[in-house]
Amino acid sequence: MSLPGHTLAPVSVPDPVPVGVVGASGYAGGELLRLLSSRPDVTVTRALARSRAGEPVASVHRGLAGVTALAFEPLELGRLDGVRVAFVALPSGESMAIMPELRERVPTVIDLGGDFRLPNGDLFRTFYKKEHSTPSLLGHVPYGLPELFRQSLHGASLVSNPGCYPTAAILALAPALRAGIISPTGIAVTALSGVSGAGRSSDEALSFSEMNENVRAYRIGTHQHVPEIETVLERVAMTRVSVSFVPHIIPVTRGIYCTVHAPLTGNVSTDDARDLYRSAYRGEPFVRIRESVPELAHVSHTNFCDIFVASDPRSGQLIVISAIDNLVKGAAGQAIQNMNILLGIPEVTGLL
Amino acid sequence: MSLPGHTLAPVSVPDPVPVGVVGASGYAGGELLRLLSSRPDVTVTRALARSRAGEPVASVHRGLAGVTALAFEPLELGRLDGVRVAFVALPSGESMAIMPELRERVPTVIDLGGDFRLPNGDLFRTFYKKEHSTPSLLGHVPYGLPELFRQSLHGASLVSNPGCYPTAAILALAPALRAGIISPTGIAVTALSGVSGAGRSSDEALSFSEMNENVRAYRIGTHQHVPEIETVLERVAMTRVSVSFVPHIIPVTRGIYCTVHAPLTGNVSTDDARDLYRSAYRGEPFVRIRESVPELAHVSHTNFCDIFVASDPRSGQLIVISAIDNLVKGAAGQAIQNMNILLGIPEVTGLL
Amino acid sequence: MSLPGHTLAPVSVPDPVPVGVVGASGYAGGELLRLLSSRPDVTVTRALARSRAGEPVASVHRGLAGVTALAFEPLELGRLDGVRVAFVALPSGESMAIMPELRERVPTVIDLGGDFRLPNGDLFRTFYKKEHSTPSLLGHVPYGLPELFRQSLHGASLVSNPGCYPTAAILALAPALRAGIISPTGIAVTALSGVSGAGRSSDEALSFSEMNENVRAYRIGTHQHVPEIETVLERVAMTRVSVSFVPHIIPVTRGIYCTVHAPLTGNVSTDDARDLYRSAYRGEPFVRIRESVPELAHVSHTNFCDIFVASDPRSGQLIVISAIDNLVKGAAGQAIQNMNILLGIPEVTGLL
Amino acid sequence: MSLPGHTLAPVSVPDPVPVGVVGASGYAGGELLRLLSSRPDVTVTRALARSRAGEPVASVHRGLAGVTALAFEPLELGRLDGVRVAFVALPSGESMAIMPELRERVPTVIDLGGDFRLPNGDLFRTFYKKEHSTPSLLGHVPYGLPELFRQSLHGASLVSNPGCYPTAAILALAPALRAGIISPTGIAVTALSGVSGAGRSSDEALSFSEMNENVRAYRIGTHQHVPEIETVLERVAMTRVSVSFVPHIIPVTRGIYCTVHAPLTGNVSTDDARDLYRSAYRGEPFVRIRESVPELAHVSHTNFCDIFVASDPRSGQLIVISAIDNLVKGAAGQAIQNMNILLGIPEVTGLL
């Protein structure tokens, strides 16, 4: 049946941009493949992984059967020659070794791991428990949080995609810190993560029988996202920032729910605080300032960050809550948002 | 940043097709709005609901904030004048009253409820516990299961979208019944549904505290999907079909997992049975014949129906398992698949 | 088969103590009935409820079929004549009206609601949004948290059982506040509750479809447990205490997980803090000071409160985490612990 | 406070019966320790495990901190000298090797694994994929399903505790088969298991991220419980029985939910069928014949088996549904029930 008045005119459509994924067998890699699969303007041509070379991508990401016909290739960087953008979704600590060669072969690299997020090798050593191989690069790689650093991304050949907790915590705190309505110290961040944040895992502690009907805090005071949150916020606040950060695993698959208590520096009403946040994120397509409390389910499978702010004058604290999908805005979605910016494609393409 | 060689030529893009949703405040309505929101070729212009007129759609489907600016309108059919396709996502038993007027106003109607799925008023009365208002229509409305009845859909002005359980059960059984490798009687269908299958609910029995760590069978032998499954399969098998059907609610939000035991009529190997199913669904973009057992998670948020078949010669039974997302292939996704067919748009548009 | 050497000698066993439950149809009432059902020394003789009079208790608490033969009786207090202890498990705000008559009829009353937990009518009005009917009683009812106030319970005719959040928060904070190692202001309490904390509910927002894969903060700064936490801690700290409290619902049925950040007043190591807590709770059968992070699953279906404490010198905060089962240590179990104390029975009876 | 009239007279209480657990680090072992911990008449004196010798039991079963002070001992059978009853909770296939020596050292052994449930070595080899070391024992070990075989348990020195699926399936089918109201062939059993049924696991497929919002059938037609179900039912029905069995893992931690479709041999009403089941299980403390559909939550953490039966004359099938807690009636609880019988203790002791 043809539809009168809606015939598509023949047009010359440009070739899709070829992109590659390094570390394609994990959850973030799978989410990249899923999100990119429906786009006509971008095509994943290479899926590299440490193992399973030759096997169909859909043998691991079984939901992608019928969606992608790609097979995994070994992690040999020469296979990426010709791709325009490479996403690196390796475990933290593994991308720094391949980065020099990778950047020679691929014009634009977006690293989803933690290797290039900290400003210096000392912090990296302290929190990642290993020596950085190219510490001179640290402090010079743009941090791919477009809502705060969009200008620095244009033209970059390497972008460091933020961590999941930092995305939620930094977006929650930046406007208040910048405006000075909260103290830069004494900030308490309690964050809840879905289990997929730990990646594909055969850890018994992450088995369904152990995690169902359970909650577990972990890495109190030592999580590698602490210095990422603090140093990025310091760039925003122009002063030293100290955050007490307690991450938790809860029995959901996806999501980060971040609840912040921060000492108010003066009298600020909830309405004023909300106006401040609205103004700070005006025009941002993926930040929603909410009048009611955010829910994880509202951001699930989306690139949104929902933020709620309330003043609690009784206790003198500002309460800020943010919610994201850890695999989308906290990883693959934000990486694609960065790719769109770097390629000059409308930023929301494929994400709304 | 512009991308050399990838500049889009200016083309005259046709206006998007205007569509309306009647009963837009429920889960199926919300899923329709979500799935259609990213399409450039179709636009939802009207969202009618029994209540909440004037309120933003995103006040109910809060995940759609920033995605749709629509507001609910009262359920007055004149408001649909000008739309090309109307989806009716009302509770079963509510669409038959508005259908005569609706069909005069809108060229194409796709009914997601159960009002027009059965072949006669007697069955309707028995299983829906009410009198049908236009029984003469029953038996004449195409059944929108494209994998079996695609030809009958072309040019239709009203299509009855299948139920969630029937979609899974019928696709699981049709090839074997048509080929005669299983008996048309003595078929046992045990089906598991996510809780969203009950719709938005304030039923205490469906509260989290009651459903978590729980399983509950219900409506054994009396579910309104029994005659839908049997009568549709009878059209396929050309003989009387009898199914023993036990539906269950399990603690997942989305999905139908359908496990069938059917008496083999002769010796059939698993390989032969799988070849039969592959052949039956060859070229179908949304049916995947699996070599390993299906998982609900592999079809979640997709329009796929995954099917697995195995012969158990020891017990003389054919085991068939099918899995769908109840809100997508079992409701909104299949409705959009039907719309694509009816509008002459490629069938997979917006669904892969 | 008889077991040589293990024949029980005939002894004169005392009659079991008769107890009654007022408000027996809710979750806390059901947990009381379940926990008491296996005790030979106590017997529930009356189960009063606002509705369902005449129906078996097991028609509501269906897991108790075969365990109790009790039927619900109407909420007429004369029916409690002869019981030794009455548990009142009515919604907060409903027990104050019946308390004067109830205390005349029953020697010992344990109220699981919030009516008698606050020290004055002003706080009650502010946080419970209603006028207290006997404000003169407020401030004079022992608070049934044995670990802090055991001495005050002996001989009491009315005990106010603590709220679930307060039980977890107060036990987490009391030792540090009493010792002065944390500041009494600037304390951030982020607490996660299982959905059963909301009681039996037909609220759509608490349906499985809405709560699964979801997290939702609520009543920020206005929860009625805020003044309970603060005023009880003030008795411990002997100074004004201010807590910023954000409760959350998470997708588990049972449990409270409470994460506290509190400003350290000086240098305290984790080891010192843990020793302080060990010393504070030495000999307490239901408080376990943990060396690893608590998990909700470890306290589920038990009367334990697990506590973990860590010093984060980097941020100058003491982190304390406590975990309880909201229906046991947070309600019915603690009420039974109080009953044991009041009856002079070993405190752990029926709870280990 | 002393309680007038309720003073306990000093009596000579017999020493508790010493029992041991072999394989104490798994879920069934932990459940045994938990269920036995509150009993005054039985005491676990030995907890043997393949690893972790010397570590506290509560370092693995962390919920048991404060409940048991036992430490794991190496799996050396001499350590069991002096215990009256040994529970063996090793993975299937591991108990047969130690059984000869174990029976010499311990008067009564209850094996929770599958090694002694089948009647001959051929079936064992086919379904357990290994050779049995003492096939001559097979067929001579009492099957510890008291509701059907209580008489055969008295005086036994070795009892084979039923599997979790078989407990549910056999109790569901035995009355109908024995009465001849269903055909012994053409029986379809669809069973749903909580993830704990797979034991402690570091299998990625059983991780929370993979199992949440998921369902997965497995081992179709080849599960080792198939011959256990069939051969036990054959003893009941006195004829060959054939069952088509499809087990599934669903996202709950505990429970077996078993839905049976079986061909009726004649006209039987639901009322008649229910009367038949009531009569078959009259006086059984742990079987509840339900008039409404069973729910997993009603049997969770209990030793009950809830059964529902309905005739579906339309399809000519009898529907039977049974529900148990896989770790209690499906493992540790039933083992304790067997111990009670073997020791001549009231059968429900410690289980109600």
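When the chains are written out, they are named A, B, C and D in that same order, and each has its own residue count from 1.
The working rule: a contact is a pair of C-beta atoms (placed from the backbone, for glycine too) under 8 Å apart; a residue touches a chain by one contact, two chains touch by 3 or more.
In this text the structure is predicted, and so the values were computed from the model without any measurement.
Annotation: A-C is the more contact-rich of the chain pairs A-C and C-D, by number of C-beta pairs in contact. Taking the CA centroid of chain A as reference, the farthest chain centroid is that of D. If you average the CA atoms of chain A and of chain D, the two centres end up 46 Å from each other. Separation between the centroids of chain A and chain C, computed from CA atoms only, is 40 Å. The centroid of the Cα atoms in chain C and the matching centroid in chain D are 34 Å apart.
The residues of chain B that reach two or more other chains are 210, 212-213, 251-253, 295, 297, 300, listed in rising order.
Interface residues of chain D facing chain A in the complex, by the touch rule stated above, are 27, 194-196, 198, 200-204, 206-213, 251-253.
The part of chain D that touches chain B in the complex is made up of residues 185-186, 188, 190, 192, 194, 210, 213-218, 220-221, 226, 242-246, 248, 250-255, 257, 259, 261, 263, 293-297, 300, 308, 310, 312, 314-317, 319, 321, 323. For chain C in complex with chain D, the touching residues are 1-3, 5-9, 11-15, 17, 37-38, 41, 62-63, 65-67, 154-155, 212-213, 285-286, 288, 290, 295, 297-302, 304, 341-345, 352.
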